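The structures come next, written out as structure tokens.
The following pair of complexes shares a single chain, chain A, combined with chain B in the former and chain C in the latter.
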Partner chain A sequence: MTNVDARADSGTSTGTRTRTAARSGFRINSKAVVMTLYLAFLLIPIYWLVNMSLKTNNEILSTFSLWPRNLTFQNYMTIFTDPSWYWGYINSIIYVTMNTVISIVVALPAAYAFSRYTFLGDKHLFFWLLTNRMAPPAVFALPFFQLYSSVGLFDTHIAVALAHTLFNVPLAVWILEGFMRGVPKEIDETAYIDGYSFGRFFVKIFMPLVASGIGVTAFFCFMFSWVELLLSRTLTSVDAKPIAATMTRTVSASGLDWGVLAAAGVLTIIPGALVIYFVRNYIAKGFALGRV
Partner chain B sequence: MTLELDGVTKVVGGRTHIHPTDLRLEAGTMNVLLGPTLAGKTSLMRLMAGLDVPTEGRVLWRGEDVTGMRVQDRKVAMVYQQFINYPSMTVYENIASPLRLMGQSRDEIDAAVRKTADLMKLTPMLDRRPLELSGGQQQRCALGRALVKDAGLVLLDEPLANLDYKLREELRAEIPRIFEEAGSIFVYATTEPEEALLLGGNTATLWEGRVTQFGPTPAVYRKPADATTARVFSDPPMNFLDLTKSGRTLTFADGRTEEATDRLETLADGTYMAGFRPNHLSLEPLAGNSLTFRCTLEVTEITGSETFVHLDHEGTRWVGLAHGVRHLELGREMDVHLDPAHIYIFGEDGDLVAPAAYAAAA
Partner chain C sequence: MDKRVNQKAWLLVLPVLVLVAFSAVIPLMTVVNYSVQDSFGNNQFFWVGLEWFKETLASERIRDALGRQFMFTLIILAIEVPLGILVALNMPKKGFWASVCLVLMALPLLIPWNVVGTIWQIFGRVDIGLLGYTLDALGFDYNYTQDALDAWITIIVMDVWHWTSLVALLAYAGLQSIPEAYYQAAKIDQASRWKVFRFIELPKMSGVLTIAILLRFMDSFKIYTEPFVVTGGGPGNSTTLLSIDLVKMALGQFDLGPAAAFSIIYFLIILLVSWVFFTVMTNLDKEEGPK
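Take a look at the complex of A and B:
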């Protein structure tokens, strides 16, 4: 962050500098070059996606252009007006939100138990929680598909949300436990002595203390659920079809609709970027506390 | 208002943390739990508070059995060694929180919080959060929260141990004054004998999960019931010396004999342990008939106005406290002197046989 600022700063004020300052300015610039290159490499794919989303199919396929010659927002309009497109986003957001809420609600008490109590096999259980994360989601696609079909959950939002909790709850417990361990047990006891019931203590005193942990956990749950494609595609057909699945099914008789697909990609990045922006401080704290 | 422990025992995972303990604490008293770390001070407090349930025995509050009652339903308050406050609330809300849970009216709460804050010198900090305060202020906030609810039993678990020297002195002077007004039963755990003496009240000395003695603090200090209590209630620890008496002769561990005089004369024949405090060991010859021992000087510690001398006497470590700054040559042999009036005599089993003459007179 500071590097970028420094670069912008040196860029605007070089002209007005004295000779001595210009010499030191040269050093800053060499750093800026590295930073620029780094950002360029990082941003090239994203730029190209945005670039494509603003071109017509014709331009994408016929010429190589670094920026759109015929700027068009038609691709975005297609997405915002065609229900089969925008419902993909709505479906994704619905099950991702459900999944994040369920994961955190379930993981909070579990993580509390792991951080505060010793019980038979707690250490083993804590470790083996993570084994679900060791298997690729594809392994579970078949059993989930069969199970959900037979109980009538197939093609519902909750089906995808529940399937994702299999992966997110263990991770959420693992992350939250690390944060909760950092809260001294004496705070719990002081609260009980003061007269707090467990529920009231947990909501009013304990949750604010692990707020950054909850933020980080929510971020990881969101991210996993948002980008996970295989399970969400397998478990849905029409009513709960996620955007990622919609994007893979755009091959029509007339070929691939490149521009719309690129626009959909840009719109898919935005929620993730927004979430990262809001929890960035928490994540930094989470890294400092370990366990992320 | 009394708190009684009736044969209370605590066993955790096959290890006994608290051996059967009977204790009776009266209303409006300051009770000090004195013992080294791991002596069971905190365990005992947790049993009193109701945070832990005793393995055996009963806890009686005003004669009523409260064993196993939820801690929320007891009228207790507790302050820990660590500064425990609710970090997400302001100081005002921290102090107010027990009252809010009791369902008091807004005006009552405000009045009580302001009064307590005044007492704790926290009034300018009421709108701040605990973590923005200094350590001493954080602990004052915790003390304020414990005092404001007017609990019958206030437990203070080494509340000053994490504070720096200056603040500790300051708060230590204030605590008895504050508590005098409250009229509750106060229990104060500490590892420092000096702190127990400054706080006064009653003292229970703890050693390895046992209360070795309970009584008025000066009495416990002057007449320790056994060698363990004497060891706990003396800083640096009491010095010990084995001796055997037969007829009118005292034989010391080094084989030296001395004629029994004064009160040592009346002791029955047998083997004893003599104990004396560091400040009674003199580097200068004493007037009257004093005992003299030859020791090797091992270490000296200068504390400013006093000097601790660590001595080796026939393989036993002794500590002496001498006034003034002494620059002594390490490793040299020297004579130390002891007035027999300052000797406590303990039996072979450790029980006190005869207190030091100065203590008996007091």
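Take a look at the complex of A and C:
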């Protein structure tokens, strides 16, 4: 890579000059090649899934083709007409939304406290919160099952939402704290001088200032709750069964319905893609957890 | 920023404490409780002290799983971190294509983990998957359900596919914060591409790279769903990583005591390594920072 770029630098005279002199046509090409290869690597497996979802099982197993010969939407129809399938999606969306709301509501004041004040044990508390982000869900699967069964919350949406706060709340506090530190403290002080109470100041002035941080946090909470399977599968059986669990059970039951499985997979990618599209301008900063 | 001392801030932290106490402390105490007791069923427990811990630490099976886990984590870190940096360096800095790259790269991160497993399970199959079929057609003897090495390659490529974007996006965010003036100064000094990377870009990225490596370490150490869907821990036990082994033990065989002891050791290892990582890296940061 270094060699290529060094050569690119020496060959700038012939390249078409863009914004800065450092970027020659040749250099942009080598960048484009790397990016194209990487994006192709990312997209080809997804393309294959989409391809399979549009084929009949017969075609999947009998012939090998890069695109569907007999285009069919039957696999998608199966999912949209069978309640046990489409309820999986609804269940997932319900508990993911609940989790996102809970995580942000409790994390907002805590992140504010960590970003503004020193108090007894604050550093230890912060690290302890982060250790929960490190905890393997496998460790918690069995105790969660027993805990939620004993309080009668087994197989409810709120059980999964609460279980996912285990890793989402520490993350939300972490991200929000990073964003809040970037807001000058003078704003708080001015607001108090102007006679704002803490509650009104927080909601009317402070929250709009960290709105992008809240958006990014919501994105991350959504993401980690949406992709998690082990806990959501352990804590549900029928009423709140997430789509991910529906899929794994179908695999083990029939083992052959590749088309429907692929279609269900494609449908699980869509909510994520939509969410990314809405927060695309904040992604880079958000992934740095507000700490750049 | 200087912060004021204010003990009332505890009130603001209280909701988080209550919630995390419910969702983390109580379950963790349950685990600790099981780890020092044995049961003959019927909810009758008796004290066994550290017996399960001794058994776990001496167990061949768990040591093997731990070895595989470390190997997996080291391999994926060795691939994903350099590759992520390379991709970040080659991303367009702004404009339409930057948005396209960001959205496409974030896509694998938002696919449910079992679907990631399913995608690669299908993709790698010799009869119906593009990858398996192509490799087979090219004359490679590739079959991830039979051959341990093929299974390993499959889950590593899958993890690289799944998570390299996270490293790349973090590194990209670090690169974005470098002022254009730095590059111009380097150009005047006729710094080579390598020197620009080594003395400007890498130090500026060190903060976000610390986060990236830490996150990737923690998450790859916890990995369960993806390899479980693709290989189910097989062939044999060759891809049985720690979480897969633990779930087998706790939910499959219901060996509460040993599973609980295993859980605690597992958690402590993650904590310890993360803490070491974090301390070493923040110290390096301090040494390199102000001169």
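Throughout what follows, the second predicted complex is superposed on the first by the 243 of 292 C-alpha atoms of A that agree within 3 Å, B and C clash if a C-alpha of one lies under 4 Å from a C-alpha of the other, contacts with A are read in each partner's own complex, and residues count from 1 in each chain.
The definition used in the following text is that a contact is a pair of C-beta atoms (placed from the backbone, for glycine too) under 8 Å apart; a residue touches a chain by one contact, two chains touch by 3 or more.
Not measured: the values here are computed from a predicted model.
After superposition on chain A, the partners chain B and chain C are seen to fit next to each other with no clash.
Once the two complexes are laid over each other on the shared chain, residue contacts for A:Ile193 go to chain B alone; chain C is not touched. After overlaying the two complexes on the shared chain, residue contacts for A:Pro208 are found with chain B alone; chain C is out of touch. Of the two partner chains placed by the overlay, neither chain B nor chain C lies in contact with A:Leu71. When the two complexes are overlaid on their common chain A, residue A:Val238 makes contact with neither chain B nor chain C. With both complexes placed on chain A, chain A has more residues touched by C than by the other of chain B and chain C. For the three-chain overlay built from the shared chain A, the minimum Cα spacing from chain B to chain C equals 9 Å. No residue of chain A is contacted both by chain B in one complex and by chain C in the other. Contact residues on chain C toward chain A in their complex (touch as defined above): 1, 3-10, 12-13, 15-17, 19-20, 22-24, 26-28, 30-31, 86-87, 89-92, 99, 101-115, 118-120, 122-123, 127-131, 133, 161, 164-166, 169-170, 172-174, 176-177, 180, 183, 187, 192-194, 197, 207-208, 211, 218, 221-222, 224-225, 229, 242-243, 246-247, 250-251, 256, 259, 263-264, 266-267, 270-271, 274. Every residue of chain B that touches chain A in the complex is listed here, in rising order: 49, 51, 70-72, 76-78, 80, 82, 84, 86-89, 97-98, 101-102, 142, 145, 149.
Considering their complex, residues 1-2, 5-6, 9, 20-22, 30-31, 34-35, 38-39, 41-46, 48-49, 52, 60-61, 64, 66, 102, 105-107, 109-110, 112-114, 116-120, 122, 125, 129, 131-144, 146-147, 162-163, 165-166, 169-170, 173, 181, 185, 223, 226-230, 234, 243-244, 247-248, 251, 258, 261-262, 265, 268-269, 271-273, 275-277, 280-281, 283-285, 287-289, 291-292 of chain A touch chain C. Against chain B, in their complex, chain A makes its touches with residues 184, 186-187, 189-197, 205, 208-209.
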